[in-house]
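Chain naming follows the written order as A, B, C and D, and within any one chain the residues start at number 1.
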Amino acid sequence: MASKLVAIVAGVGPGTGAAVARKFAAAYPVVLLARNPENFESLAKEINGNGGKAIGISTDISDSKSVDAAFEKIEKEFGPGVSAAAAVFNASGRFVRKPFLELTEEDFTAGLDVSGKGAFLFSKATLPLLLKGVEQGSKYPPALIFTGATASIRGSAQMSSFASGKFALRALSQSLAREFGPKGVHVSHAIIDGVIDIPRTKEWLKDAPADAKLSADGIAEVYWQLHTQHRSTFAWEIDLRPYIEKW
Amino acid sequence: MASKLVAIVAGVGPGTGAAVARKFAAAYPVVLLARNPENFESLAKEINGNGGKAIGISTDISDSKSVDAAFEKIEKEFGPGVSAAAAVFNASGRFVRKPFLELTEEDFTAGLDVSGKGAFLFSKATLPLLLKGVEQGSKYPPALIFTGATASIRGSAQMSSFASGKFALRALSQSLAREFGPKGVHVSHAIIDGVIDIPRTKEWLKDAPADAKLSADGIAEVYWQLHTQHRSTFAWEIDLRPYIEKW
Amino acid sequence: MASKLVAIVAGVGPGTGAAVARKFAAAYPVVLLARNPENFESLAKEINGNGGKAIGISTDISDSKSVDAAFEKIEKEFGPGVSAAAAVFNASGRFVRKPFLELTEEDFTAGLDVSGKGAFLFSKATLPLLLKGVEQGSKYPPALIFTGATASIRGSAQMSSFASGKFALRALSQSLAREFGPKGVHVSHAIIDGVIDIPRTKEWLKDAPADAKLSADGIAEVYWQLHTQHRSTFAWEIDLRPYIEKW
Amino acid sequence: MASKLVAIVAGVGPGTGAAVARKFAAAYPVVLLARNPENFESLAKEINGNGGKAIGISTDISDSKSVDAAFEKIEKEFGPGVSAAAAVFNASGRFVRKPFLELTEEDFTAGLDVSGKGAFLFSKATLPLLLKGVEQGSKYPPALIFTGATASIRGSAQMSSFASGKFALRALSQSLAREFGPKGVHVSHAIIDGVIDIPRTKEWLKDAPADAKLSADGIAEVYWQLHTQHRSTFAWEIDLRPYIEKW
């Protein structure tokens, strides 16, 4: 029943999330999760209009009730036999950069709420569907992919909130790779190291070549590459940066 | 006013915390923080009886009100001019090891609550005191030391709760080292890789030599070494394990 | 002049090297380098028989004269305008595992000779051809890919020879990625973490599932993925292991 | 026969090596190895004049005959029962920084010759003496300490020679730590991340505070700390940088 295999993307916005959704929509119905419907409405329309299938669900990924409700809707939409070919966690907490002593508790936990608790809730909701995908003999190994950042491996000054969350996310992804790899689920972590080319960053790096920023489509292409890797050669971690990046 | 320099230890129990408190009590009045008074009462008595000075304060390190109250007590006890020579964060969340899909949200966040939010609250409360220690020209650079574990750099299967917290703690410590090193505070992170020799682990590794477990006093000795390093040669990270450890 | 774009593989044997050569032969003429002609003769015949083009050149990769001679042959074969779409360094020194105090100087330098000096000589010979590939506007960014191992990031007991070489290789690849990425060459390092399924390992892991070993074709597929990544999203490092691997 | 315990320092120059020799000379007779006698002559005189004991031996650490000759002299000087309390490898190859394609083979192997082969030869010569130190019940665990650099964990552009050597050295030190820790020898690796304050760097960082460079004495102090750690809490790796360093 391959028709029930879906791809679920959390953290759909104008950048990586949307590009990943478009890419995977060529193969699977896609579920778009974002807190703000504005982030998925036109994208869902676009995918549905292009012959694909997409549904958007407004979800607060760090709230268990909201996540539960989202996955009930998924089951209602695709039936109780629904399984997942891919689940991509692309959400990030509010980005905070300021002197440590000016951080409020809420500032600091902004990173952990999404990249810690949110990633946990998303993983717990999607892994049963991914395992069902394994059982059903999906063409490619079901994949759970997490979007990391430079801050996943570097705690810069004044960035403890974002870095704590991203470090925690990396720990989760590695632990899950070790537990669920042997069960056939491909768990990966991508370190996105550089500026992504999205509307918000349009004015950045203006003196650099046009492809000095990461293309969201390029990232989506790599996520698809990860998904199609044979299970005898699973990548856990990959780092991605523009060719021109200083690192 | 060197007499107002104190050492503050969070996470005082029968192992590292107590040994660190004893070690630093030879030089400074020590403040012992633990949720359960049983963890510091006899230790405070011992230190006070040996000519040192110690006070214990029951504190829930992941609760901002409890932390605020603790630091008000410290100021009441030592006066508004109190400053810190050392602050050691040795608390750990409840250790959870079970199949990921059996983890409750509360299980998962147990690690992040203490190693994430708790470490943030402790850092935010102690850094102003450590900076005051710098201003007052403390003999050794004021030090903020975090206790890590194997799980600080390795996300093992079924250990996502503990590892997420410890990864987050490492990120925080690195970010703080970069921000507060230039201000004269020595921020360090110790990766404790192995079994610590405490009552709870008495029955472990029984066939191994007596010193096959990390001695809490040995760890305390290293923390003191870190504290006394000259500021031209600050260590951020050190890994510690028994000579016989497989790694 | 796309017809002059070739792929060059050093360290062709029955495993990864041969699989990579077959994979890239579908797109480019391939040059097979190995010390022993037995390692490339039947492979070259196979590729040439299947409509591809392959030449084998007996080369001692750690000897500069031998490497020079090989690249003169490449130029003679493909013309002075020859350029490279891909260069894959897959050679490894003699594997030595024994107690450190029993290692001879020759044992120890076996790793460094190939993974250090050999990789240097190969890089120096291929980078000018890869840069020419950039100038000529090759379809995919010219790629220089190095094969690493678990020992690239772990110095196990009794494996200092192999690990020293592999650590050195990783340093070289990272340095080259930083220098030649901005010039359009995609430099990558793959950490192959597990047993590769080749004739020599046939008897290993016999109780495990058939795909418990890394498939050489799977690795070749990933190398091709790396080669086809857009230059706005270059991966430097990727780790690959069988889904069932303990790590 | 504790009187026969010596400390051996390879790579004695005006910086770390000399400071380490002075520090350890307070406890042990020291052997100073350097290629150029100018690097140890005045230092040996100074130590001998201050009530310590030092001998200098002109040694090319990457040449096995030269190393053999040096250790024969050590045995001649201190008797066949000589053992070692500490051996510090502080040598570095010629530092080369230039565009990769301008590197000669000799440029590239400059790093590996000293940090690879040289460190191997030094380890092979000193480990038997360190193991004898263990047997004789030295007060502190005999220590084999390697001096690393930023380049031990980072392959910067145009620095492949230096970085390859330093990565290889780190691999060696980790492998030895795993093999010889259980035999009682403490093997450590110090990542020196910053500019060391020596005559050659006098003009560097002139606008920064006086202690913006690593003090060689501070490094020596940390090496002594490592040597005196109890074997239940051995550090393998420590990173050291000035408080003001950007990293």
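In this section, contacts are C-beta pairs under 8 Å (C-beta built on N, C-alpha and C of every residue); 3 or more make two chains touch, one makes a residue touch a chain.
These figures come from a predicted structure and were not determined experimentally.
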Inset, instruction - Compute the centre of every chain as the mean of its C-alpha atoms, then state which one is farthest from the centre of chain A. - result: D
Legend entry - Rounded Å distance between chain A and chain B, as computed from the means of their C-alpha atoms: 34
Legend entry - Geometric centre distance via CA averages, chain D-chain A, whole Å: 46
Inset, instruction - Could you put a whole-Å number on the gap between the CA centroids of chain A and chain C? - result: 32
Legend entry - chain D residues counted as touching two or more neighbouring chains: 178
Inset, instruction - Pick one for the touching-chains graph, please: line, ring, star, complete, other. - result: ring
Legend entry - Each pair of chains that touches, named by its two labels: A-B, A-C, B-D, C-D
Inset, instruction - Write out the stretch or stretches of chain C touching chain D in their complex. - result: 64, 99-101, 103, 105, 108-109, 112, 116-117, 120-121, 123-124, 127-128, 151, 154-160, 163-176, 178-180
Inset, instruction - Can you check the complex and tell me which residues of chain C touch chain A? - result: 141, 178, 181-182, 184, 186, 197, 211-215, 217-219, 221-222, 225, 229-247
